Amino acid sequence: MPMAAHLMEVLQLLIGGLANGCIYGLVALGFVLIYKASEGVNFAQGDMMMLGAFIALGLGNEGQLGLSFWLAVPLAIALMFGIGWTVERVVVRQLFGQPQFALVILTIAMGFVFRFIAGSIWGYSPLVLETPFAGVNLSLGGVVISLADLIAIVVTLVLTVALWAFFAFTKVGLAAQASSQNQMASYIVGVPVMKINALTWGLSGAVATVAGVLYATRGAIDPNIGLLGIKAFAAAVIGGLGSLPGALLGGLLIGIIEPIAGRYAPGELAIMSPYILMLVVLVTRPGGLFAQIHMKKV
Amino acid sequence: MSLLEVDDLAVHFGGVKAVDGVSFSVEEGEVFAIIGPNGAGKSTIFNLISRIYQPTHGTIRFDGQDITALKAHDIARLGIARTFQNIELFDHSTVLDNLLMGRHTHRATNFVQDILHLPSVRREERAHRRHVEEVIEFLELEAYREKRIEGLPYGVRKVIEIGRALAIGPRLILLDEPASGLSVEETQDVAFWIEDMRRDMGLTVLMVEHDMGLVAQVSDRVLAVANGRPLALGTAAEVQADRHVQAAYLGSPEAAA
Amino acid sequence: MRVVFKKSYDRDIDLHEHWLDRAKIAVLLAVMAALPFLVGNYYLAEAANTLIWALAGMGLMIAVGHTGQVSLGHAAFLAIGAYTDAGLMNAGMPFWIAFPVAGLAAGLFGAVIAIPAVRLSGIYLAIATLAVFVIVEELIIMLEPITGGVGGTMAPSISLMGISFDRYGALANFYWLVLGIVALVTWGYANLMRSPTGRSFLAVRDSEVSARSLGINVTRTKALAFGLSAGVTGLGGALMGHYIGFFNYELFSIFISINLLLVVTIGGLGFIQGAFLGAILITGMPQVIAILRDTVNASTGIDLASLPGIDTMMFSVLLIGFILFEPTGLYGRWLKIRTWFEIFPLARRDMFRRHKTYLKTERMR
């Protein structure tokens, strides 16, 4: 194969990987949001993404509710914000003061419940979300970029910056950080710890929906796409749980390494590659690339 | 030769000099107290000796041996035991098991023998138990032997932590604020125990304490520190009378000088 | 209320304080041993399955319940146990060599991955084990000459000293073999927990920093615990292979890891008995669900079978219920009930109140 064609192919892979990575990154952002506010880990994040995508599909698709895409998506985001918020209010809050491990198991179980709900309503065969930009491609000097990929990349970047700014500059964001570092002390100085937890769960539901819709614009969805959450989790860990830019970076790394490994190595190795990358990062930098863990004070 | 020699010890966390050039030595059989305002670096000195923190420079010698490069889990084997300021007991185990955990350095069986429960394991276990019973008797913990730590009153937990340190069978015991949060009567008990540890068990005691009454009552020598630096060394009365120490506690401008 | 009068330290070292407890265990063992004469083949096979799950659950209990290392990847060790055992037996080794080697292989693999992993705490370890699981799953597919790849492999029939322990041909023998192995492992586990090794596990779980100050090498202890955990689960995997007969990588899915986690959590974290109660629940639930489904179908005409995934759904709801309302699991609930009766009428409501710990992070930013 000529050099130039090879380069084009790799470039093409990279762009696809980048778009994929953005979706991993967005789901990872959802993890990080909750982790940042309550040091809890939501293993149902992938399933929340799945549910968000299906709700958008249920609202927007012809033959379902048939709303306009531009109405269906914000509505789905709002609905998932409500679902995330409710889950925190009704279930997660009960675990306040329990070990971290309890929440891990609880959210794993919740993921199965979400999957069952989606499966019962929309069935288990793949469905396609109808979007205005399906199949539209842009050609840039020999490299073909689908509009869906481009939108995924842009939306993710904007969202990451917005969330980062939220935590760094707004009063609520700072309060959320405080409450994650010492719940009791924050409570005493007047941080509404409970309200903030509910808010972050709502937010991560909304972010998950965005990720879900972006995912659905690029392919069919079924109730098992939530398993992508595991990969997103690897992304969050690579970045260092608790760091928003880290989550995005981790997602992008995984998104890029997958197609490259798939191009040059046997298929099984490609599937393993994100996890191998994660283990390497964990062994060399136990706190992730943007480590935030320090020694316990005694 | 002193039992514990700390020489020009310093540790910096980023730009913060938590401990900055502290030297002192503790003689065998002595009760040595470190005092100072909050954040003076007292507990940090403890954490350096018990190897939880890595010093930026300086050396720590125990019984002539340089322990600065040892791992935290090697310290107990040399005969250095410690308690923690915010009690670090094993909450889901009984008092007896907590004390038995203090015998870890004396275990002679490996895990295969343990799984098979060979006669040697039982023999060892009896020996550990006899030793632990002595500690229980010394600290009058008989009533709590079978109780789990969670749910026990604060004062009792504090005593159990001292017991766990004693179970190691140490030569040097580091007590991190043994009387904080205790009532007047409980503090008196602690004072008697420290006396007994020294007199009957031949232990060397190094403690961090805020209660000047207790410090004056039990300690032979006192080191005052502030902002990670030593201020004064001497008997309790001498240190209390020291101008720099008073300034550090009262926060007068002289402290900065 | 029973008062035990202790005249020797041996009473505390013994597994049971009172002869009655020992008698209860003996009766239970006798009933279990007599089971092949009491029930038909269907239930006997189910009982063997439950015991195998209890064995695998005990493995995970060492890590999660007794050393506080959450693993989401224990299915990997089940798989290593099953494939090692089947592979060695297919290569002509007898069961009595292949089986211990299978446990050893899983245990060594566990200890080796634990050495870097133990530096990770809590959630990071859970994720790392998940990653290891995915890697092992893919390795199984890649190593086709040994594992049979996607097609799968067969666990040969067991025979020892000329006696058949075939899963189908001699089910009673197979059951007794499983029972014997499980009883032996349980005895070893109980011994471990009353020994210095077991105490060092608990110490590491409850406070690493003070474990260190007592001279406990935390890294080595965690690696040992994880290795033992993986080894016992590997033994469970080897038996599971024989129980299923013909299997491929799909037998050891992520759902098996989660089911194992269910066994230890619902059973009661930190109790050996919990692994058994959890195993009974997890192997019994599908039966109960099937019966329920038939009853609902017969009485109301609603066909629940048309809703795929209802089993997992019910498991999940059950799990959520336990986490929220009885985090100490079935065994913890039983202890409360027993205590209530033992000290009747002196029980107070607050006696069993949960202790809350408030989050103080180790993060600085």
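So that you can tell them apart, the chains are marked A, B and C in the order they are listed, and the count of residues begins at 1 in each.
Operating definition for what follows: contacts are C-beta pairs under 8 Å (C-beta built on N, C-alpha and C of every residue); 3 or more make two chains touch, one makes a residue touch a chain.
Which chain is which protein? Per UniProt: A = LIV-I protein H; B = Lipopolysaccharide export system ATP-binding protein LptB; C = Leucine/isoleucine/valine transporter permease subunit.
Note that the coordinates shown come from a computational prediction; the quantities given were computed from them, not determined experimentally.
Colleague: Which chain pair shows the largest tally of C-beta contacts?
Modeller: Result: the chain pair A-C has the most contacts.
Colleague: Just grab the chain with the largest centre-to-centre distance to subunit B, centres being mean Cα coordinates.
Modeller: Measuring from the centre of subunit B, the most distant chain centre belongs to A.
Colleague: List the centre-to-centre spacing of subunit A (LIV-I protein H) and subunit C in whole Å, with centres computed as mean CA coordinates.
Modeller: Computed value for the inter-centroid distance: 32 Å.
Colleague: Just give me the whole-number Å value for how far the CA centre of subunit B lies from that of subunit C.
Modeller: Centre separation, subunit B to subunit C: 40 Å.
Colleague: Need the CA-centroid distance for the pair subunit A (LIV-I protein H) / subunit B, whole Å please.
Modeller: Computed value for the inter-centroid distance: 47 Å.
Colleague: Quick check on subunit B: which residues sit in contact with 2+ other chains?
Modeller: Only 52, 84, 88 qualify.
Colleague: Identify all positions of subunit A (LIV-I protein H) at which a residue touches two or more other chains, and write them in rising order.
Modeller: Each of 295, 298 in subunit A (LIV-I protein H) touches at least two other chains.
Colleague: Send over the residues of subunit C in touch with two or more other chains.
Modeller: Touching at least two other chains: 209.
Colleague: Mind listing the subunit C positions that touch subunit B in their complex?
Modeller: Result: residues 9-10, 12-13, 188-189, 191-192, 194-200, 202-203, 205-207, 209-218, 224, 228, 270, 355 of subunit C touch subunit B.
Colleague: Okay, in this complex, where on subunit A (LIV-I protein H) does subunit C touch?
Modeller: Touch residues, subunit A (LIV-I protein H) against subunit C: 38-39, 41, 91, 94-102, 104-106, 108-110, 112-113, 115-116, 119-120, 124, 180-184, 227, 230, 233-234, 237, 241-242, 266, 268-269, 271-272, 275-276, 278-279, 282-283, 286, 292-296, 298.
Colleague: Can you list the residues on subunit C that touch subunit A (LIV-I protein H) in the complex?
Modeller: Residues 64, 68, 70, 116-117, 119-124, 126-128, 130-132, 134-135, 138-139, 141-142, 208-209, 254, 258, 261, 265, 307-310, 312-313, 315-317, 319-320, 323-324, 327, 354, 356-365.
Colleague: In the complex, go through subunit B and note every residue touching subunit C.
Modeller: It comes out as residues 50, 52, 71-77, 81-82, 84, 88-93, 96-97, 100-105, 107, 109-111, 114-117, 121-122, 124-126, 128-130, 150-151, 164, 168.
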